[in-house]
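There are two complexes below, and they share chain A, which is joined by chain B in the first and by chain C in the second.
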Partner chain A sequence: MAKIHEITVWTRGVIMDKEGRDIASAFGDAVAMEGKHVQVFDNYEDLPDRVLVTTRKYVRISDEEIEHKYVYTNDHPDVVVVAEPTIVKGINVLKGLKEGGLLIINTNRPIDYMLQFIPNADELGAIATVDADGISGVRTIDFSGSEGGVDAVGVGAGIAAPIVGAMARVTGMAKKENLAKIVKDVAGMERGYNEVKLQKFRKFKSSLGSLQG
Partner chain B sequence: MAQEKMLTGCSAAAQALKLAEVEVICSYPIRPYTAIMMELSKMVANGELDAEFVHGEGEHAQLSVVLGASACGARAVTGSAGVGVTYAFELYSPVAGGRYPLQMTIADRTLDPPGDFGSEHTDAMSTRDQGWILGWASTPQEVFDNTLMGYRIGEDPRIMLPQMTCQDGYFISHIPDKVKLADLKQVKEFLPPYSAPHPISTTCPVSHGPQIRPDQGAPMDAQRAATFLDLPKVIKEATEDYNRIFGRNYDPFLEKYKLEDAEIAFFIQGAHSNTCRTAVDTLRKQGLKAGMARPRWVRPWPTREIAEALGHVKAVGSIETSTSYGGAMRGGNLIHELRASLYDLDERPLTTSFMAGLGGETIWPEDFEFMAKVLSQMVREKRAQKYVYWIGFEE
Partner chain C sequence: MSKKLPEFGTINVPHERAVPFGAVTPAPVHVQELFMTSNWRIVRPVIDNEKCTRCLTCYIACPDSCWSYNEEEDVMEWNAGFCKGCQICIKQCPSDALTAVPELDFPDGVVRLEKPF
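What follows is the complex of A and B.
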């Protein structure tokens, strides 16, 4: 079996579903541009057509071909991205996280403030925050409709852009230059890349790509 | 040249329906088949497809609308999933009995309770005695191909029957795969325009579906049964034409994978046959002569072809992705008809069944290895220990 890095993106139904999907697909596309094997998909069991319910999007990255495509959850993510910060209050977003994994939250609050809502933060290798709402100035752009809906506004025009920029910086899994070819809001992506804040913990491992501070 | 694209099963179905130039579409949303209707509605809105798009107020209405459309001579399509399929149940017999060759495109979903998006074939399987042509695809490509083949077979003047073209929810409906599309010219060569023999008309009135006397009922049933005897011939012709025109290589009834010298075989329909094929290869590397048979159609059931393909095998395990509670074999549906198909052979394989992939669970390569162990043990002991094994619940 191929060694696979998993990224799970948490977002909310309808109002932010497209942003969550953009984060996963833009990041996955950028990684694929480096010749890696990538899968990007929605969690099939979630309810993307119900407003504000938590929904998940997944990315899988590997140097080898990923044989199995019938498994529709990332059970052991290396990276967890939370596109809407209140999600951490109600859900154990770190469930199944690989030891020393990474959490990235879209918030303008200090890291220490966010940590009080994450009781199992001791499993983390590092936590990063990016104020994507502040950078984009808008929360979301459009609901494009899941499952074959029209996507007229393009990918990465809202908060997805700064978030993928932040992800590129702290995971080292994707190149900023490649993301710039994919997202619509390139300036927002660059700001996310530059403005992300990172705090490393004892379990921090450099094995996770080339994790950069 | 026909294009090749990465498409989900839902998109593949919509692309084929567009090429079939369907004239009336009736939708009602339910995951996972909904995406087929979303694609079709886009095509109609963009002017790529000249069809009447009707929003039904439920699945019962959906089937009623396409029944009427087909009675007027239109090529009609509707579709559903899970409990949507069962909500429409009353209409299945009238559609088949009225000989309306419309198509229902289905992406399977588990029935309630309590509600689950996963694929399980019980939804469409439970309609199998209603007189429809019924079959499962195993890839988005096959969804595309079966959609076109369905109309050709169903609309054949010798047949005139509705078709359910099924695909597993999520596994096929939502995962993109390579799909070779077709040119309209190829489709025109393969699929003639639909011509209803007695369409409802304002200028030439005809009666459809009048009340009949009891003594008129049996002849109609006998006629329908006789049509099903003619179906294999028509399916064979249509598949051969399809293979020739579109450059495919389908067996009309059964995909046979490494069966020639097989000692044990899996009998499986739908998406999980892809994992099964890989498992067969792995088992063969371990020295076990394994094979796989995959039925493409459940109605008509390929009795003779199954006897021919599996007669020489020592043990066959039927993998059941649908339920038949309290049935003869205490588990699924396929095993009953598989055993019946093998019964008249002088020397017949041992058989058992495996409940797997229910509720949309993935069937893992290791699950197939477990099943192979059971089948090998049956060969050694020359007997089956159980009618059914529930994968994941066995010691």
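What follows is the complex of A and C.
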């Protein structure tokens, strides 16, 4: 079976659930536009209907058809995306991370400051930060029961846009031009692409092609 | 310390500890790490003891009973392990004694879990 790249997105229930879903589905859609095989799963195992609770979304990418369809979680992610930075303090987001994997955090704090909250940071190959809150200035908040998932809101109108831009830049897995056809806030996505900060560690192994930033 | 639970939240209640449905049980005597909600917080309530009048509104308002009154020292005490950062106490405090401060401003105070629940 062809190599499958796994991306796990961490977000918080209700207040940012849609943002997490947008990150996973917009990024997955952009990769699929290059003819790759993609699976995106939402909310499996976690409690997305509770405010603030940590929840995960999953993306899988492969050059060939992904044959397993019945396991919805990523056991060994290559990339972990954290949409709300406090999550790294309260949960081992690197659990199962592939050796030399990549962590992307939405924060305006310096990378060195964030590392104090990640006791197992030595498992990382690289860490990237993007100030998506600062760029988009919004966080979808919707208690209507639809968790912000109404059609009128569109995909990638909030913090998801800069985050997927940053993901495209550092992983090289998706093209900015394709993301621009998917997200609503194209300017925010481009700022995320341009403003992401990356720190590589010696251990870094590029399972993802070339990392840039 | 709580005893180690099987993974994936499955709890096998031993027969001698089982109670009829709807029974009233004593207050918990162990802390279950698995159910600690400190990692839900983005902000935490920080108290200004000068402004606090010990009115106990926060004690009543907190859905998770995270505020208690320490009679000996005459201060309110906050339970960092279970506060989920909902900010209800901050909104309800009549004396403006509670402020929301980003959790990431503090090096510790959150119980780090291996998986969400």
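Note that the second predicted complex is superposed on the first by the 201 of 213 C-alpha atoms of A that agree within 3 Å, B and C clash if a C-alpha of one lies under 4 Å from a C-alpha of the other, contacts with A are read in each partner's own complex, and residues count from 1 in each chain.
Note that in this section contacts are C-beta pairs under 8 Å (C-beta built on N, C-alpha and C of every residue); 3 or more make two chains touch, one makes a residue touch a chain.
Model, not experiment: these values are computed from the prediction.
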Partner chain in contact with A:109 - chain B first, chain C second, else both or neither: second
Which superposed partner A:55 touches (first chain B, second chain C, both, neither): second
Broader residue contact with chain A after superposition on the shared chain, chain B or chain C: C
Which of chain B and chain C A:117 touches, first, second, both or neither: second
Which superposed partner A:91 touches (first chain B, second chain C, both, neither): second
Touched partner set for A:29, first chain B, second chain C, both or neither: neither
Contacts of A:17 with chain B and chain C, given as first, second, both or neither: neither
Where chain A meets both chain C and chain B, residue numbers: 45
Chain A residues within the chain C interface of the complex: 12, 45-47, 51-56, 84-87, 89-92, 95, 107, 109, 116-117, 119
Contacting residues of chain A [partner chain B, same complex]: 41-42, 44-45, 67, 69-72, 145, 147-150
Complex contacts: residues of chain B adjacent to chain A: 8, 10-11, 31-32, 34-35, 38-39, 42, 117-118, 170-171, 174-175, 271-272, 274-275, 278, 360, 362-363
Complex contact set, residues of chain C against chain A: 38-42, 84-86, 102-104, 107, 110-117
